[in-house]
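Structures follow.
Next come two complexes, and both contain chain A; in the first it sits with chain B, in the second with chain C.
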Partner chain A sequence: MKRDYFAARRGKIFLAALFLLLPLPASLVYISHGLITIPFGEVLRILASGFVSAETATTQELVIWLIRLPRVCAGTLVGAGLAITGAAYQGIFRNRLADPYMTGVSAGATLGCTIAILLGFDSSVFGLGGITLFSFCGALVTSLLIFTFIAASRRVSHTAILLTGISINLFLSGLVSLLMFLNRDKIETIVLWTMGSLSGLNWQKILFALPLLCAGLTGLFFCARPLDYLVLGSDIARVHGIAVKRSTFLIILFSSLVTSVCVSLSGIVGFVGLLIPNIVRLLFGSRSGLVFAFSCGLGALFLQLADFLARTLLSPAELPLGILTSIIGVPFFIFLVLKKTEQSA
Partner chain B sequence: MNHLMKTFITLCARASWLGKRICGSKFACPSLARARGIAAESPQDLHGQIRGLGAESPVRAGRSTARTRHTDRKKVHAGIPLLAALAVLAFTACAPGAEKTGAESAAPAAVELTDSFGRTIRLKNYPERIVSLAPNMTETLFLLGAGNLIVGRTDYCDYPLEAAKIPPVGSITTPSIEHIVSLAPDLIVGSTHFQKETLAALENLRIPVYLSIVRNDDAGDAGDSNNYEEIFDTIIMLAKLVNKTEEAEKIVSVMRQRKDAVEQTVRKAAHKPRVYYMISFGEAGDYTAGRGTYISALIKSAGGLNTGDDIEGWKYSAEALFRSQPDIILCGTSSGGPGAGNLEKLRSTAPYNRLRAVQEGRVYGIDNNLLDRTGPRNIDGLEMMAKIFHPDLFPLEPSQAEFFPSELSPSELSPSEFSP
Partner chain C sequence: MNLFLDLHDISFAYDKKKPALTSISLRVPARLPRDENSDENTNETIDENSGTNNDEGSGIFVSIIGPNGSGKTTLLKILAGILPPATGTALLLETPVTRIPDPSKILAYVPQTLSLGFSLSVLDFILLGIPTEKSLTGKVTGQTARKAQEALKLLHIEDYARRDILKLSGGEKQKIILTKALAQETPALLLDEPITHLDLAGQIEILDLLKKLTKKNKKIIAIMHDINLAARYSDYTIMLKNGTLFAAGKTQHIITEQSIQQCFSVPVKRAGDFFIPIKTQ
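Right, the complex of A and B next:
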């Protein structure tokens, strides 16, 4: 019996590892397709030979190295990041409807970005740092705010948590709109954050985001065990020797970091954080470590696909990414809400 | 009789509601709003304007609200010319102005004419207090010598400099009706981006509204697009309203001469460069003037081939830009607006700095108001483009030479030569 359990668990871990690797071959498909279709062999050759100088590079090399590869990389990072933070928020809020978008944390990050841009930070390394820092502060303050509200009232219904999140989301979006209205001449750079897109990406941004995102993701993976107990309630967690306050704070900190980096890369992309962890739970159970791993892989695959559709459906024109994730996400969200109400009734 | 009237009013209301449904919600294109860097009040109407009602591309308009942004992402971009045509029809059908003004036909009118939407405007006296809800109309009125009649303008009417002294009444899409009323105007003129809601409010207040737009059309490769005649008509019709017909004739004949001169000179060109008109790029999204836009027609008659012609509408992509590798990039740099500094930004932003045109220094800044606003200054824009596309055919004056090839400064290059 015990052997079976461990065998099943090993199987799942193996599967999770596979899922974590899947985005790699998938990205090859996305890199080779688009306005110009480049055969696989050619793609591999171009990737292997590295980027030559722009003077001698062919159109294919330029398109791969400067446009598609950064986009696919960013899609992978943002998808993985949003999905794992969704899983983390759902854990600490003990609510399967929580995600960075619904709880208003994304909006907090956007507000931070907006303020940073209005203060004059740009796309230089220093500017990117400023934008990410502000975005991080916005995300952290928002999530602490919501968490404090939930901690303050002893028994809060799911509805109350969601309503709080949604109203904070609207409040912060309102602030962003106000700032945009008051600074109409600088608005151009800000609209992106609120629409969600991977089209304005370059290597500088990705290389800046990569270490921060990796740090956040690693941190969250280390918090997976405490999170498993926290889901059961703080009393039970304490009995099992978990430092409740510290763990909770760390999870919020790492989640805010990941959310803010994602927002500063791609703007607000809704529903990835909600959709992916819930699918994963339905398919592979609720152990946090596994949920995190599966979410990373599936989230990356999902956003890669969404961005691929965004840039090819109306080619040569481009769709905003948020449109596609929402079209796929909203029906699922409604289905989930209906199922929830059915269970509680 | 009373009963008939009631039925008629109900029918009008229905038609108007239907019209709104058709014009308004079919077109979701946040693009243009973003293209100009200024989010419009509601993205769909912007698109409706541009595809359906107007040609004047991205004039800055309005502001964005949290709600519109959330609805945007649920709407799908649909750019079908047929629907655009429907939108125009619906608009015409639901504008009740024609009937209303027709009913008051007893007194002799000083001026009577039909606007771009088939609405009849009858004025008993020539207007003395005009509110202009479009930058191009403000420019034209000033050029006609009727600038002193303008008592209100939009926030975006920044040309000529005298316009800044007139009190602003808000944005193009959401002007303050209260402010307009307080100015007691006897005529309101509007153009692209003018909203049906504004029209309804103003008609309720019995203030005459004259709307004038240039429609996008696709002249094909044959050249001779109708856009120029429409641009000229705009000026002549507006002149009729303010009793400046003679001035308008002079202005238009000078414009025609200048346009013909450019087209004739350009005909000698051995090679037509492929040109990309860059409304915005990078984080703000890639936007250009696509096939059938009148900006595309301007590029054509300046002796260029518009690379944007492979799309309809305005949304482009970096990948398509790398595929077409245009010979020349025209970068919109309206002074003071979000476009200022675009040229520098373009040269330092990846991947755009790897484009052949950027690497080889064939990026030219152009004040996009010269192209975006349909009006007299379009000819300035045309001449500037022709000079950029065919430097060999247009000998430079020494004072201009230093601005070539890539530091072209619009203000230095556009002397307005058509004062009558």
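Right, the complex of A and C next:
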């Protein structure tokens, strides 16, 4: 049995590494397909030859370099980011229904973005910095608020999480709507944000987001071990020498960073953070390091696929990505709630 | 002299209105010197220890008893370094547990139950208790695995290894939490009602095991609800009432008809080795 267990674990680590690499070949598929289909060989040739300038480029080169590649990249980043933060929030809330969307953290980030846009931050590097910073503050304040509230109530029941999350979500969305109502001239940008979409991305945004996201993800991976103990409750974590408050705060900090970067890239894309880690836990167990790794890979794959569907299902029209993930996510969410009730009954 | 517990003027309050513990001072030796009055399990202990060194190799089994809300769990959490006492100092095996960064080398703590948000395999859970395991993905060496295996064997539950903790019953879960604590191989073991959810056979099995471990130098402190089991198994008893120390000392001196009546407000009568509640009318 022992040998089986370790073979299985080594297998899992290997598989996790594979999952982290899978989005790479998958993106080729999404780059080649769409309104116009470009053969794989051609895609590889165009990617290999690099982008020279917009004047000399062919249509195919333009489509790949300026439209599809940034979009697929962003999808990969956002998918990985949302899934891993979902896993992290579920860990510290010790509840599998928690994720950046359900807890209202995404809404907090959106409120931050909205305020930043209304203050006149644009897509210059300075503007992007401003938007991300506001979004980060929104996410951080929201998650600290929820965590304090739930920690104060001492028992983390599903109901408490759901009610707190939903009320904060509604409250913050209300504030966003109010801001939209008061600033009707900028309403279109913000509406797109609240529905979640990967259209209209440029390299500048992605290159700005990339280091921040990597920092957040790395931080979370380093918190995997303390998180394994925090999941067992703060008493046991303390006895095992985990600095409970510091670790929790760091996880909240990194999760907020990742969430806010994702939101500033794509707006609110719900249910990825809920769906992916739960599937990962069902398939591969609950060790945080592995859950994080699998979530990153699977989240990226999922969002790549979802975005591909969003831009091809009603082609040439485009579905907002957030609506699509909600349609996939809600039935699964209900399944989780029912499953839990069954167990506790 | 070696002390297991050394408490000086411990107080604690969860909220300002009502203190949970007030000014508890207490010293418990790391092992009990055997005196002539001790008639408890005399034959058995002498037989088992005659080959080994009787005094050197023995630990102690301390039980904490008292009515509900008397501060038993709070005291245990202070001893485990989970709650910092509001006043006073608490030493466990001469170590200030609340102030050291990693108490898991000295003590293992067994809560009453475990509320988990999601599935975790029994083996994964037990491996979390073994301190040599340190890596991002949770790489495990053969030795840590052997320790987990041995701990499972102690409780005869090797077949639990692959099961999901969420799907275990209360009693099974309690055994698993204890297994993890045993796998930690710490000198001290702190248990919060370790047998509450178990059936009679399970209760006896666990207590016999714990008793056996004290002979291998393990220092055990357990909150007990069953006074008869506490009287039968523990060497030393701490009796709490309303957050204060009611009595503490060798079990046979502490658990008496009179003290139970005063501490629990229930009149009892001794019948052989057992205390039986009696009706007053």
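The rule we apply is simple: the second predicted complex is superposed on the first by the 341 of 345 C-alpha atoms of A that agree within 3 Å, B and C clash if a C-alpha of one lies under 4 Å from a C-alpha of the other, contacts with A are read in each partner's own complex, and residues count from 1 in each chain.
Following the convention adopted for this analysis, contacts are C-beta pairs under 8 Å (C-beta built on N, C-alpha and C of every residue); 3 or more make two chains touch, one makes a residue touch a chain.
Computed from a predicted structure; not experimentally measured.
Contact with neither chain B nor chain C is seen for A:C113 once the two complexes are overlaid on the shared chain. By the touch criterion defined above, A:S315 lies against chain B but remains apart from chain C after alignment on the C-alpha atoms of chain A. Contacts of A:I323 after superposition on the shared chain: chain B is touched, whereas chain C is not. Of the two partner chains placed by superposition, only chain C is touched by A:Q90; chain B is not.
Contacts of A:G289 after superposition on the shared chain: chain C is touched, whereas chain B is not.
The wider contact with chain A, measured as residues touched, comes from B rather than the other of chain B and chain C. Applying the stated contact rule after C-alpha superposition, one finds that A:L232 touches chain C and leaves chain B untouched.
Residue contacts after overlaying the shared chain place A:L305 against neither chain B nor chain C. By the touch criterion defined above, A:A224 reaches chain C but does not reach chain B. Annotation: chain A has no residue touching chain B in one complex and chain C in the other. Remark: chain A residues 34-36, 54-55, 57, 59, 62-63, 66-68, 123, 170, 173-174, 176-177, 180-181, 184-189, 191-192, 194-197, 199-200, 202-204, 270, 311, 314-320, 322-323, 326-327, 330 touch chain B in the complex. Within the complex formed with chain A, the chain C residues making contact are 77, 80-82, 101-104, 107-109, 111, 114-121, 123-125, 128-129, 134-140, 142, 145-146, 149, 158, 161-162, 166.
Residues 30, 33-34, 37-39, 60, 63-66, 69-70, 72-77, 280, 282-286, 310-311, 313, 315-320, 322-323, 325, 336-338, 349-351, 354, 359 of chain B are the ones that touch chain A when the two sit in their complex.
Interface of chain A with chain C (complex): residues 1-2, 5-6, 9, 13, 16, 90-91, 93-96, 156, 221-222, 224-225, 228-229, 231-233, 235-236, 238-241, 243, 278, 281-282, 285-287, 289-290, 293, 343.
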